[in-house]
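Got a structure here, written out as structure tokens. Questions coming.
Chain nomenclature is as follows: A, B, C and D, assigned in order of appearance, with residue numbering initiated at 1 for each chain independently.
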Amino acid sequence: MPDLNTVVAEIAAEMLARPDRGDVATYIPELARVDPKHFGIAVIDAQGEIAAAGDAETPFSIQSVSKVFTLTLALGKVGDRLWRRVGREPSGSPFNSIVQLEREEGVPRNPFINAGAIAVTDVILSGHKPREALGEILRFMQFLADDETISIDKAVAESEARTGFRNAALANYMKSFGVIENPVDYTLGVYFHHCAITMTCRQLAMAGRFLAHRGKNPTTGHSVVTPERARRINAVMLTCGHYDGSGDFAYRVGLPGKSGVGGGIFAVAPGKASIAVWAPGLDAAGNSHLGRIALETLAKRMGWSIFGA
Amino acid sequence: MPDLNTVVAEIAAEMLARPDRGDVATYIPELARVDPKHFGIAVIDAQGEIAAAGDAETPFSIQSVSKVFTLTLALGKVGDRLWRRVGREPSGSPFNSIVQLEREEGVPRNPFINAGAIAVTDVILSGHKPREALGEILRFMQFLADDETISIDKAVAESEARTGFRNAALANYMKSFGVIENPVDYTLGVYFHHCAITMTCRQLAMAGRFLAHRGKNPTTGHSVVTPERARRINAVMLTCGHYDGSGDFAYRVGLPGKSGVGGGIFAVAPGKASIAVWAPGLDAAGNSHLGRIALETLAKRMGWSIFGA
Amino acid sequence: MPDLNTVVAEIAAEMLARPDRGDVATYIPELARVDPKHFGIAVIDAQGEIAAAGDAETPFSIQSVSKVFTLTLALGKVGDRLWRRVGREPSGSPFNSIVQLEREEGVPRNPFINAGAIAVTDVILSGHKPREALGEILRFMQFLADDETISIDKAVAESEARTGFRNAALANYMKSFGVIENPVDYTLGVYFHHCAITMTCRQLAMAGRFLAHRGKNPTTGHSVVTPERARRINAVMLTCGHYDGSGDFAYRVGLPGKSGVGGGIFAVAPGKASIAVWAPGLDAAGNSHLGRIALETLAKRMGWSIFGA
Amino acid sequence: MPDLNTVVAEIAAEMLARPDRGDVATYIPELARVDPKHFGIAVIDAQGEIAAAGDAETPFSIQSVSKVFTLTLALGKVGDRLWRRVGREPSGSPFNSIVQLEREEGVPRNPFINAGAIAVTDVILSGHKPREALGEILRFMQFLADDETISIDKAVAESEARTGFRNAALANYMKSFGVIENPVDYTLGVYFHHCAITMTCRQLAMAGRFLAHRGKNPTTGHSVVTPERARRINAVMLTCGHYDGSGDFAYRVGLPGKSGVGGGIFAVAPGKASIAVWAPGLDAAGNSHLGRIALETLAKRMGWSIFGA
């Protein structure tokens, strides 16, 4: 078994040396001006040991990675009734497609495409004011990462709201089918803000440990979800976590993971490690280009693929 | 760790007692007249021990399960060039949809929907006569299962050919884009025949051992594919193996698998076991109803989910 | 040549006697409570003679019939540049479909499906405040009909706004592609209000005379549009005026026309007459059931089909 | 009223002088090698006078223009029952799209897209051998044009059959839904052959006179169809005759018409004239580029638009 610290350091060095970096998201200025040269990685093993390298301590906008945690919260709130409001099948189409919503009468295919994540946010919001729901999400992230400094980048959230017409279309469309219960503006407001949470690779890997360890924080022993629910969230990440590149990610990397357009990817090696990588340049499917390559290398060198050593 | 033989026997007893069985496929008479009361299961562990119960020795039409093996053969023949002819993303639509082909100019989304499997068959056929290509596929199955009695049910193949207008549409459509190289009738002929291979659960679990064990037959040590290719075939099974029920199968069962409309499912617990179940009744997505439940139970009791123990 | 007054009176009598009436639109209470027993018809010939029968003087919500007049206004404002923002092909899908917008990058297929009419409204709005734009539309209707009593039903407009999530989805979706220039709420506000204009059959037939007579009011000689533009608006009505029932309307009736979910249909017999019918019950495609039958009968008895006497 | 002979001669001169000609169809060699410099026009008025110019006597492949006549034949055979097998709504998609067939369960939208014309051919074929059905179609054309020299270009038909995988896909797809009754190869054979009929502009204008004159040959008085059926066929031509350019053709030209990829367009000025133009270069929607311009000019100069003088 290779040494994790060595592997992580090697990967960071290899990634930082690569000329191919993909393209940084440009639809809001806050993301557009991030330097594509960044690369960070943090891996936390079952014993709580952290192997980190590169820009592992630089905060970035987690964007859609937040959807793993809002899914966890919403399942905690309404349990399997959640699946009446959102499916769990891969979408076979880009992250912001509205076509599928028409075919399936407003029910999004899974909780990780934008429509599905908006529907999940709506579930968390129900019965609360937007400010309260957002506070609950943020406190959940702080609790999981054991770090109260995690915060929301208001400028990012406001830029998203200002330009988020596609998401407004998705939300209004679902509302027309009764899939969204709260006022569209409220639900979108909470959605834009939780996507604007800023974290470092280390914080993100900390926050996701429960998914690698049967639903528990392996250090404190605190249970976040049941073992079955942890497995199931991992399964949804594997089949749906990378938009229309989910099949390719499973094929190449072989780990459940969730990407964000900020360039972050959170991934899980069940029983072994919680992983976060960050490289701002994206590939054609909207997933971090170097992030995916780093995870592919890590899984191969450590023998962590869930599809066989 | 529970005893595998006991678990398998219990599952068979539970499945045979259930009243809910799904609906047997009716589009050809040979499938329509199969008794929905059948249930078989065979599990072969890393040591080559077989745990079997129910109708594990009754031959059934493997149908689309054959696509795992034709994919393996085609990758052996042309390597990664295969992915120029077929994608590896979940389809987000039923098994025989033609809509996706139009959007993506004749390139099927993955090798397990009908269009993709026809394209894979075309790759195997190239440079051969249909009879030779079919012989190669059948001998590969016999070799993998170490059983020369495995055969093709001609009556099934002929019924499929007689009623297979949808598949003929898919093949002609791909041909119009140059994705099919051979005469459409030849490619379809080989396709219909390899779907008509008849096997027992035991034979099927035997044939698939290499996918559970780093590409090798764990008993003989013979290498069928590289470890990386075995992992990758498993990944495609996980994301695409159950048509538009692939996400649900991953969520519930947590094992790579491939189903057929004959009611068979082949599944893999990487490093642990090769599994075949058979129950002819299908669910709404066209996958074996009891087969899926049996695998879900098996994975849970044995702790075999790839998404965490 | 039969006498127009006689024919119109006969048609009204026949329609009022029919038991089949279709279903009144129910998505807002103001439309839901309209009595399906209403039937009105008004036909104004080239000499300005009015043949009217039934409830020809009862005001009703013209809904999408207003789109003929906003199209006329927008063409007057920006000319053929309008066609960069909206197409003029039949949609092959229901009136509120969003699928087509994704395939064609936010450009609606024609000015008579909801998305297209919203884009047309946006053109009229540009450079104005919503109140001014709405005033311009209303005054145009009053001018064309030579009747300053024509007004907007505020309750209808407010109900539409309260439940119009599908239209909000369409507008936001187009906005995401830059097809909508003004704030979405402003454009939708003007749209909902012009659809809530209330008119009688007589007023509507008066307002549309210019389309039957080479762009001119045949009585005053006042030119509204050029003869070519009148022909072209008629052509768009013929191919796109009845949503996904446009082909059937052309086949059965053979006159350019535009329907609204309030049960009104405006139609044109070029060179001969301007026609308005009203019957609140709708068919499966969302067009007035008896209105279509009345127009079919009228065209046949008068020999007015544009496809041959 | 301008003189028809003068107008026709002027149009031919103008068209022959234009540098823009569109692109000749290249999918079969017989069409690919036609000289794009050809332009022919023939107009036959109500008195049977022929105005012709350019290459009006040069035979060309009528291709999809034949669909007007097979529709007429099929309606004669089964009447309105035809509409159970094919719709009459514009398709909103290209001529050979298969997407719509999936959404509407194998029923093509109209008789002028390829799928619809294949279904119409299947109706004509039923109860006959392919050779007989084809003979019936050819004799109908010869009878209508009063010219026994009209023939089928076998080389064109064979090229179509050899490369017609898309049409084979459409036919097999419809067959899978039971919309095609005869063996797919038989129906396609007849279809490819009637599309390969070769005619001159003069012959084509002769053949279509009945559609301009209430269903009758105005010279002989012989009735081909009822006046109502003639109107209805004209209506289908207007809404569906130019694939996804039908709306634009109605908007610009204002006459019912049907185009073919050979560059021919047949059009009708109801009560006034039967028209055929031919210019081999096509526009983006697959319709004759100069043919459409010639018809637009003709309709304008003669005041023949059905949407108003």
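Quick notes on this one:
As a working rule, a contact is a pair of C-beta atoms (placed from the backbone, for glycine too) under 8 Å apart; a residue touches a chain by one contact, two chains touch by 3 or more.
Not measured: the values here are computed from a predicted model.
Ranked by how far their CA centres sit from the centre of chain C, the chains are topped by B. Centroids of chain A and chain C (each the mean of its C-alpha atoms) stand 47 Å apart. For the pair chain A and chain D, the distance between mean C-alpha positions equals 55 Å.
Touching two or more other chains at once is no residue of chain B. Here the chains touching each other pair up as A-B, A-C, B-D, C-D.
Residues of chain A touching chain B in their complex: 87-93, 100, 109-110, 211-214, 227-228, 230-232, 234-236, 238-240, 244-248, 250-251, 254, 256, 270-271, 300, 305-309. Interface residues of chain D facing chain B in the complex, by the touch rule stated above, are 97-99, 101-103, 165-166, 168-173, 175-176, 184.
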